[in-house]
Each structure stands twice: as C-alpha cells, then as structure tokens.
C-alpha cells in the first residue's frame, strides 16, 4: 500500500468536478468532506436524541411521522421500547464515531495540519482520500440498518456480548442490524487507522524549516497525540469487531459462554467470555474518549491564546499534559468495569490510574485560566465557545472523579450520573471545541466570515441549554436513575423524577432548535458572509499567512520558514500585538 | 458581553452548588451496614470537587470579566507561564486526587476483598430477559444442579431443576421476590441465563453485574433501619442493557425479621413441594 | 437471519446490505406466493359429502404437579388474579383428559384446495397469559394480536421455519396483525417481559385442525371423505400419529393416549 | 521511527515526474529544525522518502496492536474455559515457514543486488520472492484444505477458530505484501541503488510478515 503511494504525492490541481470535490486528493477538500460528514451525522444524532427525550417523558405520546419512518418501531406513532433502544444505539454510535472522532480530528485536522506545519499536503494523499471514503462507507452501512430487518441493533454503542453476539433471538435488531453495525464499525476502524498513520507521518516528517516540535501549535500536538491513540486503539477495536462478527456469522465462541438459554432457546456456543469483549472494547473505548476530546483541547488552547492576545500559559506543560493523558489513557479502561465481575483488586489499580489521569486534565484547566489571566480578551463567538469549553470541561471532568472511585461508583454506575458526566466532558465540550473551531477557521475554510450576532445568539442558548440538560443528570444519578431505560413509569423510585426529566426534555428541545441558527449561519455565511481577509483574527500560525481560502498547494510554491513559537502575542516592543511564526525580524523579548 | 458570560457562569455555579447543598435531589436512604463508608467517600469527593468546581468556574468568570478588552491601551501580559506554579498545581492535584482515591480503599476492600462469613445466608440470583429469580438452598444448604434442557419459564422451571432425580434440588426454593432477614449477612451468587444483567439495590448500596457463564458472589448486611422504610420493601433493578424489556426488569427485595423470614421461607417451601 | 459466510469473507459491506434487502424481498415474495403453492386446480371440498373427526386426548400416568407462576415482578399481572396461577403446560383433568392439545390432519388432504380464511385468529394477552394458550392458524391467515393488560408486552414467536420477529405492544397500542408463510407445528410464542407467558401456534396448510377443549375433546369439521394421518400435539409429551378413514358425511373417531416419559 | 536514511538531496523519488510539478527538485523537508533541508527559496516540495518508512513503521505498529488483541483473546480464551482442544497442525505449515523464510532471504539478496546496481539479479530475486510468497499462500490454503478434510472447521473448537483466524489475518496482510512485490516487479526497471524507497519499504513489511508468521506458529503450537 505504501509502495503504491510512493512518489505519487506531488500532485497538480485537478480540474474536473469529480477529482476536485468528490475523489479529491487535496487535504483541504477531504477535511471539508469529513466536516460535512460529521455535520450530517450530528444532525441525525441530535434528531434521534430529541425523539428519545420526547419518548422518555411522554412515553405514550404519538410522535408525528414516526410511524411512517418505522411502522413496527412506532405503531401509531408510539415508540416501542426496542425502537427506543435502537435510536439510543444509533445516537451513541453516530455521535462517538462519526461526529466526535470525525470532525475535530479528521475534519479540522485534515484541513489545517498541513497548513499549520507549512506543508503542501498530507504525506499520503491517496490514503487520505481512501480513509475518507472508507469512513463514508461505514456511515452508509450504519444508516442502512434503519431500513433492513428489525431495524438498528438495541445493544447500545458498547455492544456488550452476548446480547450482541447471539442473533435475533436476543431482541429485535440483533439480527441483520447488529451485523451491519459491526461491519460499519470495522470500516470506521480501517478509515481511522489510515487517517492516523497519515497524521503521524505528516507531523513527524513534513514540518517546514524551523518548525521544531516545540514550536508546533497546540492544535497540531493534539492531532498528533490523538492520531497515536487512534493508531493503537482502533486496531484493537477492529480485532474485537472481527471476533464478534465471527461469533455472529461463523459459529465461533469467543464471547459467548456455554449453556446460554435465551428466550428458552439453547444457544449452540460454548466457552467464550463476555468479559473479554468488555476488555477489548474498553481498551479501545477509553482512549477513544480522549480521541474525542484532545483535538477540542488543542482548538480551545489555540483560540484562547489568540483572543486573549497572550502566549499560551505553560506551553510545555500543555504538551506534556496531553502526552500524559494519551499515555495514561491506555491504562484506565478497567474503570468502566468496576461492577462487571472483574477482580476487585485489578479494579482498584485501574482506579488509581484513573484518578491520576485527572492530574493532566487539571493542569490543562489551570493553564487555560493562566492564559486568560492578564489577557486582553476579545469576546467574539469563537472565544465564547472556547470559554464555554473550559467551563463544561471542568463541570464534566469533576464528576468523573466520583465515577473513578470504585466505592462511589458502586452507587452511580450505569445511572444518569454517568450520562451527565460523559455528555458534558466528551460530548458537548468536544462539540463546543468544534463550534469554536468552526467560527475561528471558517474564514480560512470558506473565505468568508460567519455572522457574529447569530453566532452569539446561538452560543447563549446552547451554553445555557446544555447545562440545563446535562447538569440535572448528575442529580438524577444520585437518586439512582438508571440509564438506558426507555421509560420511567415501571419502577417506583423513578416516577418522582419524571418532572425533572421533563425540564431536561424541554431544555433539549430548545437547545436542539437553536442549532438551526448555527446551520443557517454556516450555510448563509458560506455564500453571503463578509469576505475574509488573510488574517482576520490577527493570529500568528502559518494558516494565517496564506490567502483565505488557501490556494491548492497552500503556499503557492513558497516555503515558509518558522522562526518562533505559535503564540507570540503582545510581545513587548513589537510593532503589533502579534508576531507571525514566519516573521523573520528580531523581536525584543522572548 | 464579558459581564454577561461571567454572570451566567456564576449563576450556573451557584445553582448547581445549591442543589447539592440543599439535597433537592439526593442519595436514597442507606439501609446497609457498609453503605455509610460509601456515602462518606461520596461526601469527601463532593466536598473536594465542589471546592475545585467553585474556584475554577468563578475564576473563569472573574477572569473573563476582569481581563476583557476594554478598548484601552493596556497591553496583555506577555508571559509564557510559570514553572513553579506548574509544579505546585501538578503536585497538589496529584496528592488530592490520588489521596482521595486511597481514602476509599477501605470501603472498597471491606465490600469486595473479603468473602462472606461462613454462616451468611446464601441465595442465588438468576437473571434472564427480563426477570430475576432467586433460589434458596433449602434445609440441606445445597443448590441442586441446573439443567439447560429443562429450563422453561412456562412450566415454572426457569432454572432447569430436576427435582425428581437430583436430591440436592428437591428442597430448593425458587422465588421471584428476594426476602432477606435483617441484621444477617447475605451472600448472593449472581448468575445469568442469557445476556448481561445487573443487580442494583440503591438503598443497599449494592451493585453488581450478572455475567453469563460466571457465578459472581457479593455480600452485604441489611441494617436494622431496613425495616423502617417502605415496609422493608425495596426495588431491585437491572442496570445492564439487556434488551427491549430492560426498563422494567425489576424485582422486589423484602427485608424481614428473622422470624418472619423463617415463616416466609417455610410457606414458599410448602407451595413448591 | 444469518448471512452467508462467503459474503463476509469478501468483506463487502455494501454487498451485505444488498443481501439484507434481497432477503427481505424474498420473504415478501414467499408470502404472496403461498396460494400458488397449493396444487393448481386442486379439488374443492364438497360440503355436502364432508364428514368430521372427533376424539379425545388423555394422559395415562400420574397427574403432573403444576408449578405456580411467579408474577411478583409486575404488579399489574398480580392484580389481575385473585388466586395463584399455575403453569398451563402439562395440565391434566381429574379424569385424565388433556386440554390444549393440538390435533390436525397431517397427511392426506393435500389434493384439496383450502383458501386461507379472511377472518383473523385472535390472540389476546390477558392477565399476563395468552388467550388461548394453544391455537391453530392457516398459512396466510391473519393472526390478530391484542392486549387486555395495562402493561407492555412483547410478542416473540420462536419459529424454526418462519421468520422470527419480536415486537412490543404497549397498552393502547394498535393491534398487531401478522401472517405465517410456511406450515409449522408448533411455533412457541414468548413474552420476554413476562417470561412465563407462552402460547403455541400451529400453522397448517388446511383448516382441518382443532384444539382440545377443557374436557379434552376435539372435533375437526368439514373433512372430505378419505384416508388421513392425524397428529395430536401436546406441549409436554410430544406428538402421536393415527390413521383415520372418513366416509362421506361420516364421523371418524381418533383418541390419543399419552404416557409419561415421552416428549421433550 | 525508522528514519535512518535521509532522502538523497535533489533527487525525486521514482514516478515523481509523472504527476509532480515540472522543474522542481525534491527537498528533504520535515524535521522542522532544518535537517535535510537543502533547497533554498523557490525550491520544490515533495514528500521525503523517510515519510514512507515512517508510514510503514506506523502501519506495522497498528498490525502489532491487531495481533496483540488477537493474542490476548487467545490467552484469555484458552485460560478460562475447559473446552479447549488443541488442533493438530498440518505438517505443511512447517514447509510453508521455510518457504516464507526463504522469500525473506531472496528479498535481501535482491536488495544487495540493487545496492550493487545489478539490475538483472535484482529483478530475478524480486520475482523469486514474489513466487515464494505465492507458494506460501498456496501452502496455507493447502493446510486449510487438509484441516477441513479432517473435519476441522472454523467453529469446531476454540483452537481451530484461532487457527483459521490468525492464518487468515496473516494471509490477508501477506497478500498486501505480494501486491507490493507485484508492483515492484512491474516497475523493476525504475529502481537503482539510489532510487529504492519502495523496495526498502516493501522489504520492511515483508520481513515483518515473516516474523509475524513465526510468532503465530509459536503461539499456535506452544503449550502453556
């Protein structure tokens, strides 16, 4: 594969529509393709969550048009429990894989990494194109499960075995739907592995002259470390997916133990281990949450520094903290399994590492605050979302400290406390990172500015909205409100909690509705926005030295040479309050 | 704008803290002997994270307001950081986080590192889509073997007991309600017939997955308090996604005095002979 | 629902998707193709000469002790019953007769045409039990599933020969109408939310079937004259075959006696 | 990282002329510290050869993780259950091992010939390597047939599941290597002692595949 790519790299700008926009080798086009793939997925994912929230609090309500979408999943418009779980599975899978893994890393990373390191393109453009199209195929296969057999699987995005392994006898969607799910994930793994390989190689080998590792923008560091995590973890998920597929269609018994009786039917498997799946899955799954959040951290650092008009506080500490998160991220997967039947001694060891991983996260937070301290804050929309990121990351991160401790987790495991925790810290925080990135780099990507007024309205509703949705989940968790229930009417202690759920559902409706403001702003600005200059934010990294949008080969044959770090703002004695990375003139202080 | 964001963050912080402080929603009552240590560890964590939460959020709010661009000529502070500060807060965070975790060691160890006492009441818990069954060993103290070819819910033999041929099964009592005596250690042995389930009684602070192919023991003691709430009746719920009926996979736990328990068990035994 | 392994080895997801679609179409075609499965131009039954088969099903052995069904987990089910509910499989009357046995003409009726009745067979969920417990239905005839319980059930047939499905029915949800494309005796039906709930559906090619009533007797009406193999099915002791001859307008008798030890 | 050789300055990797911009020379950019940078302003831009080595080592890293996951599954699966029946491996596997080892040897001989710019010998060794690779795959398929003839299939028991899984996973990866060799054979005239990145990168992969196979064989035969 590599041999094939050798030397086919240096490419001229294609002219045909297909080569230019569809099967493009240009990292900028591929980055936008990833971005729009994620945008489509997030719209579907939010729609699913709205339907779920609706059903949760008005379980007997007739949801308009839902019976048209799935006559068996919602007869008469009333959602069945199995359809709720199908939507839940699809929501989780879409969001985790096709949004959180895709947009911040493959979307922004593809568009910006080569420009920020002064390269013409990624190291392997053909692999890059392949990785997008494999990911696209994964999305198509996943969505196709809505239209075959009993619909999408109901085993959740974690697909715990044996529920996911024994076929349709275990529930609707566990036939064809679950098989399609596994294939989709396997495809996604392949796409991500190819992408990760490309990112790492590009960062290591294509940096321009003068751009030492410690002069990289923190975004590049984040993408690089994320790519390392992806390379090591997606291979394991792929292996797990192959084993699961063999259990499902090949009659093997990797994850299915002997003597199962499902719906009074004996299952002809023997000797497999359900915990093996959990170990393999979470060995991937925990690094995965850092894959989702690290690029957001990079974007936030970049945006905070730019609009504080200050160098990032503790650049090296930021880099080392990200490395530590990446490293420790591989040693904490067992904290998902405290009550799974895993050895309690092992569980405690995992908890120590998990608490330790809170340390680099705290370092990052302190450094962000340090960056704001003494700054000259320009509170535009991108900056607001970056500030929102810090707030949400703190809130969601701190609730992780409860779940990391086995005794405390005993009572909170599998409750809404967990749902609130990970939605805040890796869901909406990461999405706030994406919003910040979108407002920040939109001028570079599309050559026009986004509307600030609409952006701010969108920010305010979203920021308050997500707190109204996800903060109460922690309170529900205290009360023992179990997650993944399709209604709360059948367990006595859940019934008094329904009013709070109603509040959250209304907040979810409003917040989801506010996203139309963003979508409108995005597409309207693409065509009607104010034309962007080369460097509208007065930022310093290399992407702001090229036109907006950049030409096909980014630097038009020029070789930028880097003389300094990426966050040289408000340098005393400098003519302006920022100094470009490629500015050769000496600067008074350093 | 700066004031607005500062205020919003501050208001969110205050409301969040208030809800925790005022126990608007709170942990359910604890009716186990080990629950106090869990709740204590929870409180320690809550206090620590609460302090960090308030400081970080209010700090963020304050900085955003204080350091907004006021349009004056004040330049931003040109600083790349402070190594002493980095080392300080790294060390502090490490000590607080890991130290907090170590404080919880004894709570976890007392629950999980030691087996149940020899005289504990042993009960098997069986999960299936979507029902819990409980099996008491009867006077012989032995659980008879289960036969997968005999498992049939419709004949009332969900666990596949062969009462005619297995002497140990003869006196086994299978119920759909878990009754336990108060103040006596109970050891549950968790099994699953089909997919993963979980056994969770929030008032008992007991939570453990049922994993097919494994027999997982847990043990606890219901405290005297257990009789005082809701007639000693608590809900056992499944917390591991197990299929379409997950949301109503539930059973009841009835805590009784030892005499009531003996009576109840005898009555169940008579019904099943 | 298994997908051929060769396809997996190819690893072509899109191909698989197509396989999924084509499989679905296949099922639909089979359903519509059912009437043509009957021999073309088969003999219609002449009601003027048709006779009947009657008999009773008995069990010769110690009366099995039926277990009490534990409904504790769903108070809705408990409230529907004032006395303990016993398992229905293996029920034997005091005189040894067996209710809920399924008796049908297994062989000998293939030369006749029996159009599938337009009226549906109703299966009710009442008191967290299926009513009836055992029922017969013709290939292509509609099974009409309703619920009289204020709790959610799921209907989960576990066929060997027909496509498996599994669908929840909330209180107030519309009835579920389903058909079976291939004959199969018997299809167990289970509600996973109340796992003790069990019905048996006998899907047959002709209307020549009956279920023994409370008294253990049955009558199959409208049988054209001829020689037949009649089978009786019980949930507990398996099946028995018997040859009977039906004369024009005559009544043939087929009694079945089951013994312990046989069956599942 | 494997970036042991720097790109020869001012030479284009093979095929660079096909799609590349005319008149540009390749510079070894990328260290960020100016290492390997030899062109001045206005110089061309292309991917340094070490990027292909880096990419290959990363790919091998992912493959290592894949087989590490399979290995841990095997160890767990063998450890926890009592239904593990060792599968007697067909003897042809040992012959296959020799064939694969020989192919690594011929590939190395080919690379030596390339270093000495002995074009004919290089192409002969290359063809020999590809031929041996195909022979190995054929031998593996024969092993599958022999097992199947004995009635041992994928789902027969856990050890046979792992046998088919690991041999198939290795085989699929090896086919990739054969494709790369076929590509090298196709463009054999384009390589010489200084234009050889594709050859060297393929060699890394091929030797890794040989080592991986020996590892799998040990894993499948070891009794522990």
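Think of it as A, B, C and D in the order they're written, each chain with its own count starting at 1.
The rule is simple: contacts are C-beta pairs under 8 Å (C-beta built on N, C-alpha and C of every residue); 3 or more make two chains touch, one makes a residue touch a chain.
This one's a predicted model, so the numbers in the text were calculated from it and none came from an experiment.
**Q** Taking the mean of all protein CA atoms as the centre, name the chain whose own CA mean is closest to it.
**A** Per-chain C-alpha centroids compared to the overall one single out A.
**Q** A-C versus A-D: which interface comes out with more C-beta contact pairs?
**A** A-D
**Q** Counting only Cα atoms for the centres, state how far chain B is from chain D in Å.
**A** For chain B versus chain D, the centre distance works out to 50 Å.
**Q** Roughly how far is chain A from chain D, going centre to centre by Cα mean, in whole Å?
**A** 33
**Q** Which integer distance in Å separates the CA centroid of chain C from that of chain D?
**A** 59
**Q** Would you give the residues of chain C that are in contact with at least 2 other chains, written as numbers and ranges?
**A** 152, 154, 166, 168, 190, 192
**Q** Chain B: which residues touch two or more other chains?
**A** Residues 128-129, 152-154, 243-245, 248, 250 of chain B each touch two or more of the other chains.
**Q** Can you list the residues of chain A that touch 2 or more other chains?
**A** Residues 80-82, 171-172, 250, 257-258, 263-264, 272-273, 490 of chain A touch two or more partner chains.
**Q** For the protein chains shown, what form does their contact graph take: line, ring, star, complete or other?
**A** Contact pattern: none of line, ring, star or complete.
**Q** Give the list of chain B residues in touch with chain C in this complex.
**A** Result: residues 128-133, 152-158, 174-177, 243-245, 248-252, 271-272 of chain B touch chain C.
**Q** Provide the residue numbers of chain B that touch chain A in the complex, in ascending order.
**A** Going through chain B, the ones touching chain A are 1-2, 4-5, 8-9, 12, 16, 19-20, 24-28, 37-38, 41-42, 45-46, 48-49, 52-53, 56-57, 59-60, 63-64, 67-69, 74-82, 85-86, 89-90, 93-94, 97-98, 100-102, 104-105, 107-108, 111-113, 128-129, 148-149, 151-154, 160, 193-196, 198, 200, 202, 205-209, 211-214, 216, 235, 237-248, 250.
**Q** For the complex, which residues does chain C have touching chain B?
**A** Residues 66-74, 84, 86-90, 152, 154, 166, 168, 190, 192-198, 235-236 of chain C touch chain B in their complex.
**Q** Can you list the chain C residues touching chain A in their complex?
**A** 1-3, 5, 8, 13-14, 16-17, 20-21, 23-24, 152, 154, 156, 158, 164-174, 176, 188, 190, 192
**Q** In the complex of these two chains, what residues of chain A are touching chain B?
**A** Going through chain A, the ones touching chain B are 80-82, 85, 154-156, 158, 160-163, 166, 170-172, 257-264, 266-267, 272-275, 308-317, 339-341, 344-345, 347-348, 351-352, 355-356, 358-359, 362-363, 365-367, 369-370, 372-379, 384, 387, 390-391, 394-395, 398-399, 401-402, 404-408, 410-411, 413-415, 456, 460, 463-464, 467, 471, 475-476, 478-480, 482-488, 490-493, 497, 500, 569-572, 577, 589.
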